[in-house]
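To start, I am sharing the structure in question, which I have written as structure tokens.
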Amino acid sequence: MNLKKEIRVSTLFISLIVSIMTILLLPIFLDFNLASNSLGDSLLNINEIETNSANGVTSVVTYFRGFDTLGEVTILFLSIFGIGLGLDGYRDKLNIFAYENRLLKSSVDILFPLIILFGFYIIIHGHLSPGGGFQGGVIIASAFLLMFLAKGDEFSLNHKIISITEALSGAGFILIGILGVLLVDRFLGNFLPLGTIKELFSGGVIPLIYIFVGIKVSAEITALVEYFIRIKDVR
Amino acid sequence: MLDSFNQTQFLHSVITIGSLLIFAIGLVGVLIKKNLFKIFLSFAIIESSLFIYFIGMHFEVEKVAPMLTDKVTKFSTNMTDPVPQAMILTTIVIGIAVLALALSFIINYFKLTNNMRVDDMNELGDEK
Amino acid sequence: MSLLYFVILPLLASFLTPFFRNYLRYISLAVNLMLLALSFSFLGSLPIRESISFDSPLSIAFVLDSASLFFIVLFLSIMTLFSIYAIRDKSRKDIFILTNMLLASVSGLVLSGDIFNIYIFFEIASISAYILTSLQKDKEAYSGAIRYMIMGAVASIFLLIGIMTIYLNLGTLNLVTIGEKFSTIDNQIKSLTLISLFIGFGIKAEIFPLNFWVVDIYQASTNRVNALFSSVLSKAYIFLFFHIAYILGVNIKILSFLAILGIISFGVSEISALSSKNLKRVFAYSTLGQIGVLFIALSSSSIVATTGAIFLIALHAITKLMLFLSLDILEDRFSSVNIDIFKKFNSLFLISIFAIGFLSLLGVPPFGGFIAKLTILEGLITKSEYILVGAILVISLIEAVYLFKLLGMSREAGEKSSLDIPILKRGVLSIMALSIIYLGIFPELFLQICKSVALALVGVDNV
Amino acid sequence: MIGLIVLAIFITLIILAVLIIENDDLPHSVILFMGFGLGSVILYFIFSAPDVALTEAVIGTGISGVVFLVTLLQIRSKEIKR
């Protein structure tokens, strides 16, 4: 009883400090006046001339700040590698995520190719509509997640293929960058014709980069899910 | 009277106060919760509050998405700033990568020690 | 040649690992040597600005001035020595993927001229560090890694707040533009940004009071990993901390506050080291103490002291690499890191390595540490900061107590066992020891280099 | 109208956040966290950021929810068999 009271006092104390901090910070944050001429506005102004991509966010993510995206893909790679190191002992073991259901089992065969197709659609149309490599890649990975859910232990992935896909798509991203250095003297620079805006073949290197990102992200998230759902058979 | 609710000024105040409150709730969660799982859940809430604030502050009423559609045919300054959106997109993906790594560490730690409480993590110290 | 190769080549080596898993260590060594050669080819044409994918202020730019080149060369040479040391190990193939990532990220941190890009590299470096900490897969390692991740999450959240306030108020992410415009923003917002950035970078730069967790991390990880943490990662973050501080144009009040934090950091960690029985913890406390000295020197706004600090960074990186790698040999033999193992071995080579390292840490002539500390004190005296000078001297005495205690233990009589050190490891350790002695006896050339680095870092000749 | 909608969603999010933190049942709070993600997806959509909304929907809510739940499953299976 005594202990419980003590915990409550510390909780109360911390909440009090945090709320005082919040009240003190509030006027500072409410006072913000946004910068009138920001980086984004200047990028929007030149977007139509420089990239011919219909989606402003995509051209920032893959072209103007494409190097950040490379770093981000690297972070995903590293994190999956770290998870694999730790959970590796549980590979080829029981799938704890499986859910026995006949309806699910028979419908997943139809859904699986459709979801993959949808993922590729999102990836390829990244420069025309919302979406792109990350979102589409995760959608493809969710198709595999559905397979794990429905098929249970009958379904497993070939890890060799996944790691080679991952390696090749990562290397492909870097290769595009190095081609940029060699051809236009800028890493990740645009060396392809821009095409007409709002058409599928437009935007220079942007769709190419997003395709590599999409393949890499889908392989990585699939590997992540597979690492997490396997467990050592303790029975 | 209803008009004043649609002003950018009002919107920004709501966003600021709301996301600061969510941030504070997440911070309290990090500080008072002893369960490792809850701590990382609270970190995810804190990050979400930052994202909402950052995206929200760059939105003004009547601004459209930075994207050409059937209605919008030209890039102009009447669009929301694409750079914060790109930054948040990047940060969300980083967030899930870090979160998944942390959870895998927690699983491994739990399998070794049967412990999920942060104040019982006493493996390290001068006597050990 | 493009500056990007410093980041790209290690990344490529890591990405393509499935194809040459068994040869990864040779490829990593080759990458290190190649980049070392590349970095010397830039010597004549400093400073270089290279923008990535588009014109500079609108996209990300990499900046190579003499300061960043110095740090790149330092990191590359340490990585090369480390790769040679670890190349014969059959068991630890995975560590090379992580060291490559670590190399790429610290190069990016040092080179990048864009604050959000710095955040990305910050995360890559942190995640490599978390995984390196957990490599041993026992409960200590996971406990340390989870602690590290909690602190890292706090750091990245605060860094993100800083970057967001900067972008909201200035509308730019480029460091040079931020530096030009930073004085125009409101005082309250300015201090909010500075505090967020201080917490974000300060946790990683391991400065008091944000360093209470560091020693546990060192205890949880292996000695090789500690060698990298102490000589690469913390140095990169210190460079970054002061690089950003000088770019934002912090005033004298904040700098003197940093100096006070440095002196507390130095004092507290050396006193804690006295009572510690675990060698990993002792060396970790000593690293924290040296970081305190670096903070004092770098925030003194005197070029002479900054020169000394740069000298100390290079020297301390080499010394700590040497000490942790020697400790690695001892731990392999005795499978313990209690200070008692100093009584148990009988190897003149290893004892002299430890002696050189300890004396250089203390700043005894004729070793390199003496020159570094002398230059720092000289700079502080010209600024008439006599309190700081006195404090450094007094705390160094405390440092002397435990280091001499350790050295004395190795001479105690008792049961001794001999050590068998492979010739490759012997070679690497002696190269480091010889370079410490060389820098102590002929410091002039290196001091000159350090001075130009200090000028570039503080930003007198160009920013 | 837009101001009131945003206000309503924010109030929901704050309540959800408190519930997530204060819930003793871990799976319950993960489900609530996915609800929180859904709320922020709507907010991003209102703020004219469809790309971020899509990303948060598939990554921030979808995959992270799955990862949280599977972590709980892993821990639960160990607890039962202990």
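Letters A, B, C and D mark the chains in the order given here, with residues in each chain numbered from 1 onward.
We take it that a contact is a pair of C-beta atoms (placed from the backbone, for glycine too) under 8 Å apart; a residue touches a chain by one contact, two chains touch by 3 or more.
These numbers come from a predicted model, not from an experiment.
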Pair with more cross-chain C-beta pairs in contact, given A-C and B-C: A-C
Rounded Å distance between chain C and chain D, as computed from the means of their C-alpha atoms: 39
Chain B and chain C, separation of their C-alpha mean positions in angstrom: 31
Separation of chain A from chain B, taking each centre as the mean of its C-alpha atoms, in whole Å: 16
Residues of chain C engaged with two or more neighbouring chains: 116, 120, 123, 127, 130-131, 134, 137, 142, 167-168, 173
Numbers and ranges of chain B residues touching at least 2 other chains: 21, 28, 57-58, 65-67, 79, 83-85, 87, 89-90, 93-94, 97-98, 100-101, 103, 105-108
Sequence positions of chain D contacting 2 or more other chains: 49-52, 55, 59, 63, 67, 71, 74, 78
Pairs of chains in contact (touch as defined earlier), listed by label: A-B, A-C, A-D, B-C, B-D
Contacting residues of chain A [partner chain C, same complex]: 25, 28, 31-43, 46, 50, 63-68, 70-72, 74-75, 77-79, 81-82, 85-86, 160, 163-164, 166-167, 170-171, 174, 177-178, 180-181, 186-190
Sites on chain D touched by chain A in the complex: 49-55, 58-59, 62-63, 66-67, 70-71, 73-74, 77-78, 81
Of chain C, residues touching chain A in the complex: 2, 4, 8, 11-12, 14-19, 50-54, 58-60, 94, 97-98, 101, 104, 108, 116-117, 120-121, 123-124, 127-128, 130-131, 134-135, 137, 142, 165, 167-174, 186, 188-189, 192
Interfacial residue positions of chain B with respect to chain A in the complex: 13, 16-17, 20-21, 23-24, 27-28, 31-32, 57-58, 65-68, 74-77, 79, 81-87, 89-90, 93-94, 97-98, 100-101, 103-105, 107-108
Contacting residues of chain B [partner chain C, same complex]: 36, 39-40, 43, 46-47, 50, 53-54, 57, 83-84, 87, 90-91, 94, 97-98, 101-102, 105-106, 108-109, 112-113, 118, 121, 123-128
